[in-house]
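Shared between the two complexes below is chain A, which has chain B as its partner in the first and chain C in the second.
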Partner chain A sequence: MVSPPNNERPNSSPHENEDDYYLSKHPYQPQAKTSLAREQVALASASRWKLVYYRFKKHRLAVFALYTLLLFYLCVPFAEQIAPYSANTRNSDYLYAPPQSIHLFHEGKWQGPFVYPMKASVNLEFMRWDYEIETQKPMHLRFFCRGEPYKYLGTFKLDFHLVCPPENGVFYPLGTDRLGRDLLSGLIHGARLSLTLGLVGVAISMVLGVVLGGLAGYLGGLVDGAIQRLIEILRSLPELPLWMALSAAMPVTWSPIAVYLGLTVILGLLDWPGLARAVRAKIMALKQEDYAKAALYMGASPSRIIFRHLLPGFTSHLIASATLSIPAMILGETALSFLDLGLRRPAVSWGVLLNEAQSISVVVLYPWLMAPMLVVIIVVLAFNFLGDGLRDAADPYHH
Partner chain B sequence: MSKKGVASTLMCLWGWLLFVGVSQALATPQLRLIEPPFFVNAVKAGLPPVQQRVPTPHHVTDMQAINRQEGEYGGTLKTLVTREKDSRLMNAWGYARLLGYTPELHLKPDILRSYSVEEGRIFTFELRSNHRWSDGAPFTSQDFRFWYEDIANNDRLRPGGLPSFLLVEGKPPRFKVLSKTKFVYAWHKPNPQFLPELAKARPPFIYRPYHYLKQFHAKYADIKQLSIWAEQRRLRGWAPLFNRLDDMYGARNADLPTLQPWHRLFGESARRIVFARNPFFHRVDSKGKQLPYIDRVIMTVVDNKIVATKTQAGETHLQARGLKFADISLLKQAQRRGVLSLKLWRISKGSQISILPNLNVADKRLRKLFQNKHFRHALSLAINRKLINKVLYFGLAVPANDTVLPKSPLFMPHYQTAWTNHAPEVANKLLDEIGLKRQGINAMRHLPDGTPLRIIVELSGERQEQIDAMELVAADWRDIGIEVFVKPSQRDVIRARALSGELMMSVWTGFENGIPTAHMLPDDYAPTRSDFLSWPQWGLYYESSGNAGQLPQWLPAKRLIDLYKDFLRTQGNGQRESIWRDILEIHANNTIHIGLISQVRQPVAVKDLQNVPGDAFYGWDPGAHFGIHRMDAFFFPKQ
Partner chain C sequence: MVPTLLAASILIFIIIELPEGDYISNQIAYLRSTGEQSSIEKLLYLRSEFALDRPFWQRYLIWLGAMPGPSGFNGLLQGYWGWSFEHQRPVIEVLGSTLPLTILLNFSSMIFIYAVAFPIGIYSAARQYSWGDHGFTLLGYIGLATPNFLLALLMMYFANRWFGLSIGGLMAPQFIGAPLSLEKVGSILSHLIIPTIVIGTSGTAAMIRRLRANMLGELRRHYVITARAKGMGETALLIKYPLRVAVNPFIADIGNLIPSMVSGSVIVSVVLNLPTVGPVLLSALKSQDQFLSAFILMFISSLTLIGMLISDLLLGLLDPRIRKVGFKFKRSNNQLSSHREDNNGVSPK
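And now, the complex of A and B:
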């Protein structure tokens, strides 16, 4: 099938009307093929990954999702610097404090970002904490400042923060919980665990899935049988009791990091069978292709055949399923922590924060504590859009 | 105040020969009883009229005298429970007992017409004449004889033998029927356990409906027929069948007649439990209305987590169970909307949150440490109880030890305050003195042999307030160099781990009875049971009469169990009071329970109901939740 040269393509598509055959008015010029525009040359000779990139860039939503995720992932290495407080800093003078709004103008005059101080008092009539906002004196937020000290990476004693509460004041842009802990700081610190848990878990399940699925598909026979049975056993295990048993088995004296790693491994170990099955099916189909047979007859080793010839055939599938299972992992963690099976304070994740927000009182009286829900929704959606874009892009020859 | 209280209980209860209740009977010569509309049709169909249903002399409640109003007949009370077996709560809330506590904690005859006690060991009971079970059969001495001879002393039905409240130095009483309404229990020595046991929220029911249950008892019924019935229900023999049907407390057998204000109806489902008024109930008000005022009670079984949600939506008329202090803000909002009215009762437990070091922990080094009172004092002094009060309870509770509350006549201020001031410096000094040195990079304390001191505190995880309080306590303890890990677990797991010695510390609610009077048993305060998490092994030793567990060598525990044994031999309230004081003094000096806070408020949501007291104490034993506050007198006003 020969398509007409691009520079002569008319505005309307030739296929709009079946009877309306298109005939170029210009005489046929065989040389035109060689006079492609520079971009077209670049496109035609671009490597596979470049094509993926071009294609991805066209998917606006995916690009937007990518930037959003990058922003969130900034919290992973720099949580201490971004958050104004640590995740477990309590202030018993501000229990259930509502979100503080950030102002720019005070009495009509530009002041820069500032907050008004608030004062708590017990309302015995309604049995709740009332906050009175004192709008006389604006308190300026400080930026690139020295605030609450922390140990960065467990070793360096630092006190640098992106934003600090005003001198002798507090800064709770998303409010506080029942013990007076800042919710924004909780979210930022929680991102560290919630976001990486998905990546690590997916990495584990990818490695296991590709290796075991690849072996099963390529070698077949006894190996295939054994791996298939293993998958069936794993799939038939009821998940909830299994999680409960595993998390109960983790000793309390473990540090939050160890519990977190344990949780990731659990999630990863349970996730690979689906991927392994897909890989096995693909390998089985592709190894019947002529080019794979040719490689075999030319004496290529199994690993070269798998990784060089077969694997590229379904990278798109792998990438898509990986990006789509990251949000599943994040949701898995939230679900586990929500059920009191996963992480526990002092470790903070979004699931931990959500677990603390599961009561009617929160919904009715302290709705700001449900903010982690919003964040989870945003991140999961972003991952889904990103996966969508990647899937389209990873197969640039496919329309 | 305490002296007066003791004196009055003394006068009321144990003297030589005290006839209580007779005056009550004489005060009401003739009362014209009013038929409840609920039974008008039934009376036409053959039910005897109310004059013939209520026993004489009547049990008359003068509503004005107890600060209540005379009520109206009728209405259906809806309430929420959290488990199917909560049908038993109806029998606690109804609180018809042979003799029961008043809200002032005096023992008064209720089902009994009168009783007398001689030498603290001979108990003569007299019933009202014409008292009837809820199915109309007469309630007589025969029902008591049936329980004592054919149930309690039947080794197929009760393989464990007589319950401990019936044994004095291992010996049973002599039981004798004197007449149709009169009978006597006599021991060779005083039995101070007997009467308080009968007034409990879960009483032993020393009477059973002979006319109904005899058809399932091998002594009276055809054993072949019984084994057929047992087989039909897949039970092994007549004894399990009998025990299944004989469910006086659980209220799961709707056929079993009762003496309580409401009796169970056959329900359409296990999640909706329906009770109707007992036509033969013995109490009446001074205007001649038969109690209870309310015709029917419907319990709906829902999940614990949504009790607050449903309450604030107005789906219950009377609710305390499943509501926590933290729900008060929400309920206050519902009150503002006019959905309900909220009463804040005071919880009568010794403490709302109590930290219990396991004095029987298996680890030798820890055991030695926990048994050292300086260590426990240091832990107690390090805690900022005021902060806990402010953060969790708006400052409305009382920072205090786990001990008796001011409402108890035994109360002394120093029981409550000993070692509860916030003094981390003193705590640090105490810890330094007993050889717990700060070491390592984070300068946490280590045991004398150099291993780091790490304490795992386990809690049941059902109460958020316990977890929150422990977070505050853990921070306080970290400040004095003690590293704490909090582990939410489950009740049964914790109990099992305590007995095996794996449990180091636990968090629980404090003493069940924080408002004892001198005649109540101090069994919670001494190692008498194996399910006490501070000293399971010593409790097991007492419970099993020395066949299992460990003999307490630790001085305070030894002294407590000796005092408890002395108590069981006492005859009068004077001796009992001095024993109580010794016991409470030991607890105050030794900080055996590290109590944090007491007299927390219990929200009681009330919708449309009258006669629910505004300020009362809320407890199980004594109290029976609403029972002691006369749920049978609650009523719905006419629109």
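And now, the complex of A and C:
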């Protein structure tokens, strides 16, 4: 038991008076020491992944980013339920409608969430639509309701929605585009393609990077030289023009699904060099370790040594750098779709939505069409913070 | 550099030839579908004239100028850049005025990136965790996350609204076709401000982060403590010792910076309607004008390679260690610095 602080002894020397000896007034806790030790033992014997988890948890911004992303990824499986409309539902009565604000109080009285109806009129002087809000009649939003029918997963006919427009009314919280399509619904449905595209692309780039980087690092010599040259060439080429050329090579007749897969392959094909270089450096360092040599002398095959013995040593690093390359892919898809080289309607992604916001007149007249930009920024930032947090946590034995 | 360029040319030619058919066969198919037979003959003649009916490797070698085509040795190596089907003119005439502007734009963005990132990076490192540091870090993150083309749109709008800078294009309309004058040059320069900033933003953000990390690493070294203990002024100390070490990877990173910057300039030019190679490339890719797009891609790649060469030379000039040990050391140093790059994570131990 460690003696507590402030143990002032009454006399300067303990042996001056035999009867007067020091006694701690604090209670004796026999369990105290062992319980502390148990904690330490738990930390010392924790697996690598547990340590990574502990360190990641301390990075509050990264944890926040993770939850934000999870929220966005909810739109991937449940887009139809969350969105009030389908992505391509047109309403010719509401072209370029501005965002409707959601109110709670009508004439000072609590009403619950409701919107005021809008009425469109043509402004022939400026050639645009003017909307007048009629503030006499509040129209209540419906929740957990039955609305526009859809086919879930292509098979089940459902009409359940989280939120529906009021009866005989409309609900456009982010406004509509030139054909009267709801922007919020577009964003939610677009998340499905935009958010998965990066994941699939990174998966492709990771497979290529690990295999080629692993081969280069493990075999060395000629193979290493060849792969290194290839990486150098690919890295020296500007990405976007190559992406443009490759996506222009996709036939126009392809279905949206095929274009989507083609895009992921294009984004993945040009992204692997960075990962391959990192894998190569790691493998080269790790193959000098005793355990790798032991495996070699016991007759393990190269693929077994790489995947079974060396790769687990830096999987956390790989995941971190993969996370950091997702934003580039999301931005890449946005740029390609913006240039009409990527996805096209009826497929909806954030890039496709931004395609509407091509000219300066949109910024001036219909600024709400820029909303997908905010979403892109939030997601890209979240991936960056998450990746930074993962990278800091990836090496738990450091420091 | 020459082998890299050669390999790049093969890669580019393959990519350009990936779509089925070519410009002329598309034209022929179009004419057939409209029932016009008369000009097909002429197109078929053109097809053989441009060796489009030969196998792939022969077309590549003819384009490169390593093999005699229908009109003898006449390819990139001989200085002939090819024929643009869409514009019905040689590529050199189509691109003529856009090439210098592309170089000018990329060069000025480069200057912008260094001019902005350098002081901010040093400031952020010297005053770590101050309000200024946090502010610049946040700005940098947002700069990294905003799509270039949208930033261009927004800046175009606000620059016009707040500063009265005119929008889009290379110069004010009244100067088009006018003889070169001081006002015209001024107009061109003021039109270059927005594209330069927009193209430079993401590069600047990355540069600030890297310089800050490098500086922080150096500031913990013993020589800094020694200098401080001896009573050296903080500013003089900063500039004299850690900065000189931290700036090396900064220069070496030009190699990583240039490809992304050139990428950015292509799309920003499309949005801002600048007469660089960007918009030409886009339309050439869409209409399968293969020689034009292949040449533009070649031009962009050689631009990046030349930039990398300059960065290598600069590095040799700045870092005496590289000059003495020579080429071998420089290469490994380059690799180290590129691993430290943020987007490619995973720093080797």
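One rule holds in what follows: the second predicted complex is superposed on the first by the 328 of 399 C-alpha atoms of A that agree within 3 Å, B and C clash if a C-alpha of one lies under 4 Å from a C-alpha of the other, contacts with A are read in each partner's own complex, and residues count from 1 in each chain.
Rule of thumb we're sticking to: a residue touches a chain if its C-beta (ideal position, glycine included) is under 8 Å from a C-beta of that chain, and two chains touch if they have at least 3 such contacts.
None of these values were measured; they are calculated from a predicted model.
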{"item": "First (chain B), second (chain C), both or neither touched by A:Arg128", "value": "first"}
{"item": "Which superposed partner A:Leu179 touches (first chain B, second chain C, both, neither)", "value": "first"}
{"item": "First, second, both or neither for A:Glu239, with chain B first and chain C second", "value": "second"}
{"item": "First, second, both or neither for A:Ile360, with chain B first and chain C second", "value": "both"}
{"item": "Chain B or chain C, by number of chain A residues touched", "value": "C"}
{"item": "Contacts of A:Ser47 with chain B and chain C, given as first, second, both or neither", "value": "neither"}
{"item": "Intersection of the chain A residues that touch chain B with those that touch chain C", "value": "340, 358-360, 364"}
{"item": "Interfacial residue positions of chain A with respect to chain C in the complex", "value": "229, 232-233, 235-242, 244-246, 248-251, 274-275, 277-278, 281-282, 285, 314, 317-318, 320-321, 324-325, 327-328, 331, 334-335, 338-341, 354, 357-360, 362-364, 370, 373, 376-377, 380-381, 384-385, 387, 391, 394"}
{"item": "Contacting residues of chain C [partner chain A, same complex]", "value": "3-4, 7-8, 11-12, 15-16, 18-20, 141-142, 144-150, 153-154, 156-157, 167-168, 255-256, 258-260, 262-264, 266-267, 270-271, 281-282, 285-286, 288, 293, 296-297, 300-301, 304-305, 308, 335, 338-339, 341-346, 348-349"}
{"item": "Interface residues, chain A side, partner chain B - complex", "value": "90, 92, 95, 122, 124-129, 178-180, 252-253, 340, 344-345, 358-361, 364-365"}
{"item": "Chain B to chain A touching residues, read off their complex", "value": "305-306, 308-309, 312, 326-330, 332-333, 336, 387, 390-391, 394-396, 454, 456, 461, 468, 471-472, 475, 485-488"}
